[in-house]
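Two complexes come next, and they have one chain in common, chain A, joined by chain B in the first and chain C in the second.
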Partner chain A sequence: MPVSVGLAYTGRPRTHLDPRSKLAFFIAVNTIGLGAAFSGSGAAARVAVTVLLAVLLAAEGAWLWSASAVVVTTVGLMVYAWLPPVGWAMPLVGLVNLMARFWPVVLMGCYVISTTTVSQFIAALRRLHLPASFTIPFAVVMRFLPTLAQESSGISEALRSRGLRLGAVKPHTWLEYRLVPLTMRAVAIGDELTTAALARGLDRTVERTSLARIGFGPADWLVLTAALTVIAIWALAPWTPIDPAAGK
Partner chain B sequence: MIDLQDVSFRYGDPDLAEPGAKLPLALDGVSLNVAAGEVVVLAGASGCGKTTVTRLVNGLLAGRGVATGKIRVSGLDPASTPTALLARRVGSVFQDPRTQFFTTDVASELAFGCENLAVPPGQAAERVAQVTADWDLAGLLDRSVFALSGGQKQRVVCAAVEALSPSVLVLDEPSANLDPPSTARLAEFIARWKAQGKAILVAEHRLAYLAAAADRFIILKAGRVTHRLTASEARALAPQAFADLGLRPLESGQHPSWATDQSPLSPPPVDPASDRIELRDVAYWRPHRGRRKRARQVLGIDRLDFLKGETVALTGANGSGKTTLLRWLAGVAGGGRGQLRVDGEVWRARQRLGRVALVGQEVSRQLFADTVQGELRLAERRLPADSVQAILDRLDLGHLVDRHPLTLSSGERQRLAIAAALAQERPIVALDEPTSGLDLAHMSQVASGIKELAASGRTVLVATHDRDLLAACAQRVVKLDQGRA
Partner chain C sequence: MEQSVESKTGTRALIETGVFTALYVVVLAVFGQLGALVPILQVLGPLYIPFVCGVPFMLFAARVKTFGQITIMGVLAAALVFLTGQSWVMLVLAAVLAPAADLIAKAGDYRRFTFTLVAYVVFSEMLIGMVVPLFFLRQSFISRIGKRHDSAWVDTLVNLTPPWMFWVMIVMIAVGAVGGAFLGRALTRKHFRPAGLA
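Let's turn to the complex of A and B:
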């Protein structure tokens, strides 16, 4: 079954990766995406990470997202190589650079969330010997984000229906209309989640068991190796100052 | 199994309150008991203390206030029993199925409770398999909880509760968001639990579906028990007596106070086209798991006419397309196709956005101002003060002009959203489930708000499961079935 990639678990994924490999690759995407240079070994690491990310997304049928990863990285590398950040090109280069850094991270984050169940996540983190005080908040975030996204789109729908578009009202007022109800709902959702958890016996003094089946298969070894390799390349490469294209 | 003796409860922390000041009493000397295999219904108007009782029983009020009296649930004192131990004995089902999930997929949700109680995996898997079969959930195990209908969600919640095989069940307005078929199913679940010998305490506004299973009714008013009725006594009571107690009728849609202005459900209008609002070929698809090709059609209406100025109730099961139709009409649902013609003029989505007012299901998402009167002026800034006051008075909100909308009760908020729709000069008003979870008094107020809208010449479309509301204000009923009228 194909999954759509977004902020919520969307159904059983086609590829079965262990959450730990996904997390390792997530860290790799973060490290390379945010930290690596756009030339030399950094560029090579970027290409490697992007290809693997594109394959993972394509395997879930998320072709558009997959293509977007390739396009963003390609454009990022091309712009860095051929367009010096001077004069009129400066803001453009800065923007492209920012996109090329962050977009893969966003995509990988969405991939992890939409292909992993909360149980699998908790089980994986427990096997990494992380304490419940870390795993439970993590699980809460996975349930919280999609719910908040739903609330947010509901609020913007109501604003449009009431004729309170940006433009019809002042920007700071519009922001207030969006944020105040959202904050109130965020508090309420927190309360609801606590109630749901307590009513079903979530208790930090009890060592939980888990029914989630997780474990490493061939695909996991591939992803893990790739993740460790690109991180190694990045870490062992001679240190280069953060490229000026980032505007720093 | 459940035993409350002379229980009083005050919310809040006495250490934080001003010295000498007494926190208000939420419960005042309540005694009740529920034996194994018994269904006891707690009824009463909003704020009467029903929820407080249920939360004292399932231990969710520990640390939220001060309780006196004796509470024993299957031999334990809920306030001092560890969460995990209490969850093994007491199962809880709440009002809004959307908010009861801790995880994001059905299989995890069913296993969640067992995992928390450290049930060995083999045994836990057996229990999950058992409830999956019992509750007919095999087809849903892989689904995301965000993709379930309201009825399916409540089924998953019930199954997840049963996976822990509790001996005591506490249900707090479990039917509030359910359509009639799902409510009937809920009644079957309750009957099944009763047959298994569980002690069941249900707090409810809607009593009709419980009439068969209930053994006793306990009526609360302002934190005190005012009436104790056996099932046969309750059935013998005249409907008017229920209304006097502030309760929804035992038989839905037959409330005596509405008998006078309850209009017959008229056939579709045959009046000249100039008086009609015409919908033609309205279709809407929801992308299936992000893929266009496998999109699911949720709406397919060839033709549907409304008379200008009439109040029409849209009914139909959860997921029959009522909400989608209203959102399309209001121009907030992107995509889809179809025509809305008024006076021969086609209203495009952008025009509908300014001409159709939408009061959605979640009112707390729709109130933006910092005062009640400000809410009415948001869109109509030049509305004179006396008109604002007049609209608020008509909806019984006149005494709340300067309150912050988000501090109002749910019934008040619902009415304020209707008041905001009244303040906007829009010919069509669409309301989505305006009475879910409201008691008799608040439901009647919403009904009179809807009548106000109709009296001012607006065409009102109400999507609702609430047969009492329907009986109170709808002139005509349009039933949607799988997106078709």
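Let's turn to the complex of A and C:
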């Protein structure tokens, strides 16, 4: 479960997609990537999702990641069609299958996180009429995760520099050394965050405004339509899969 | 004026919920990643992940002031796990199990350890959502592939991933969660209460 973002994004995203259409496409990638078959309508859905994902990644200049999506899906479909999972090929087929299922989802997750600012997320969630009891903790988590990951690696480094490795001290001691400082830091930073947020009027009940630029453009309608179409085609039209091994 | 004070404590509780959700997710991720390095930990994941996550949860439960905080934590944590590329099953489970855990903890006034322990076991069971698609996919895989491969091959595959392993994992999560609750209470007593955090 990657917390750090593999798609190293620094600066402004080059394309402007609304967080809501990103989320819709994320759900499409998740559903198709994890659930769809590698033949018939499932394969068609996989191709469609992969092409759109590759275009989105390429638009951000992430050429390598974009290419990796295409390669993984192509190899996945080819292996499924031509390599029956018997004998020596069995572990290979299993591995390729797993990669082809999970990699697009990981890529899409990185894409969503690295191209969306917290304020955009919040503005979008609020437009979806989610209550404050959900949006406030969500904002805190998004703001907090990088800080905590940083604290966690700092604690890990401090332990290493003192030679307190998992082998050198007993597991429960090591666990204590890892978890207690992290928790203490979390609570301390949380208190500061609360004060800062209250000072900026987070507890006011009036409707909040946001400088985050969100809204639907032509690209959004395209992505949204594509996401819904792909899911609909996959769910409603289960073609009979052409069995590659039937003739053998 | 009274309204403002009330919304201030409400906002405080919401921010704190976010803080502990982040902590829970980071602990889940950091210790979940150990499984990627050491293969045996992958198998033991359902046992030790709820064990370790018991620390943030128990401290959080000790600080909870209002009903709903545990619910929000569960749903939000599952939503984040979903965003990092896991299946939606955990999200659905969280929507049911987190409110249930919240109710149980509330029945003990968020004070009595037995209630909090049961609540944490219920809460932790949502982690099974992470492996549901793996088993589900394999089941459909086996039934689909059984039509064109000899039974010996199918048997090998079934033996490698027996369906009962799923139920074993549910039990492992429960056992790990009980241990985690005790670990969380021990650390709360030893460190967090003296430091004024609980």
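FYI, the second predicted complex is superposed on the first by the 156 of 248 C-alpha atoms of A that agree within 3 Å, B and C clash if a C-alpha of one lies under 4 Å from a C-alpha of the other, contacts with A are read in each partner's own complex, and residues count from 1 in each chain.
The criterion applied here is as follows: a residue touches a chain if its C-beta (ideal position, glycine included) is under 8 Å from a C-beta of that chain, and two chains touch if they have at least 3 such contacts.
For clarity, every value in this text was computed on a predicted model and none was experimentally measured.
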First (chain B), second (chain C), both or neither touched by A:117: first
Partner chain(s) touched by A:139 [first = chain B, second = chain C, both, neither]: both
Partner chain(s) touched by A:180 [first = chain B, second = chain C, both, neither]: both
Contacts of A:202 with chain B and chain C, given as first, second, both or neither: both
Which superposed partner A:236 touches (first chain B, second chain C, both, neither): neither
Partner chain in contact with A:212 - chain B first, chain C second, else both or neither: first
First (chain B), second (chain C), both or neither touched by A:34: second
Partner chain(s) touched by A:193 [first = chain B, second = chain C, both, neither]: both
Residues of chain A at both interfaces, chain B in one complex, chain C in the other: 1-3, 139, 176, 180, 184, 189, 193, 197-198, 202-203, 205
Residue numbers on chain C that touch chain A, as the complex places them: 3-4, 7-8, 10-12, 14-23, 25-30, 32-33, 52, 55-56, 59, 68, 72-73, 75-76, 79-88, 133, 137, 145, 148-149, 153, 183, 187, 191-192, 195, 197
Residue ranges of chain B touching chain A (in the complex, touch as defined): 58-60, 82-84, 86-88, 91-92, 94, 96, 99-105, 107-108, 111-121, 124-125, 128, 142-144, 146-147, 160, 164, 287, 289-291, 327, 330-332, 353-354, 356-358, 360, 362, 364-368, 378-379, 406, 420, 424
Chain C-touching residues of chain A, taken from the complex the two chains share: 1-3, 26-27, 30-31, 34-35, 84-86, 101-102, 105-106, 108-109, 112-113, 132-134, 136-141, 144-145, 148-149, 152, 175-176, 179-180, 182-184, 186-187, 189-190, 193-194, 197-198, 202-205, 243, 245-246
Residue ranges of chain A touching chain B (in the complex, touch as defined): 1-6, 8-12, 61-62, 117-120, 139, 142-143, 146, 150-151, 154-155, 157-164, 176-177, 180-181, 184-185, 188-189, 192-193, 195-203, 205-212
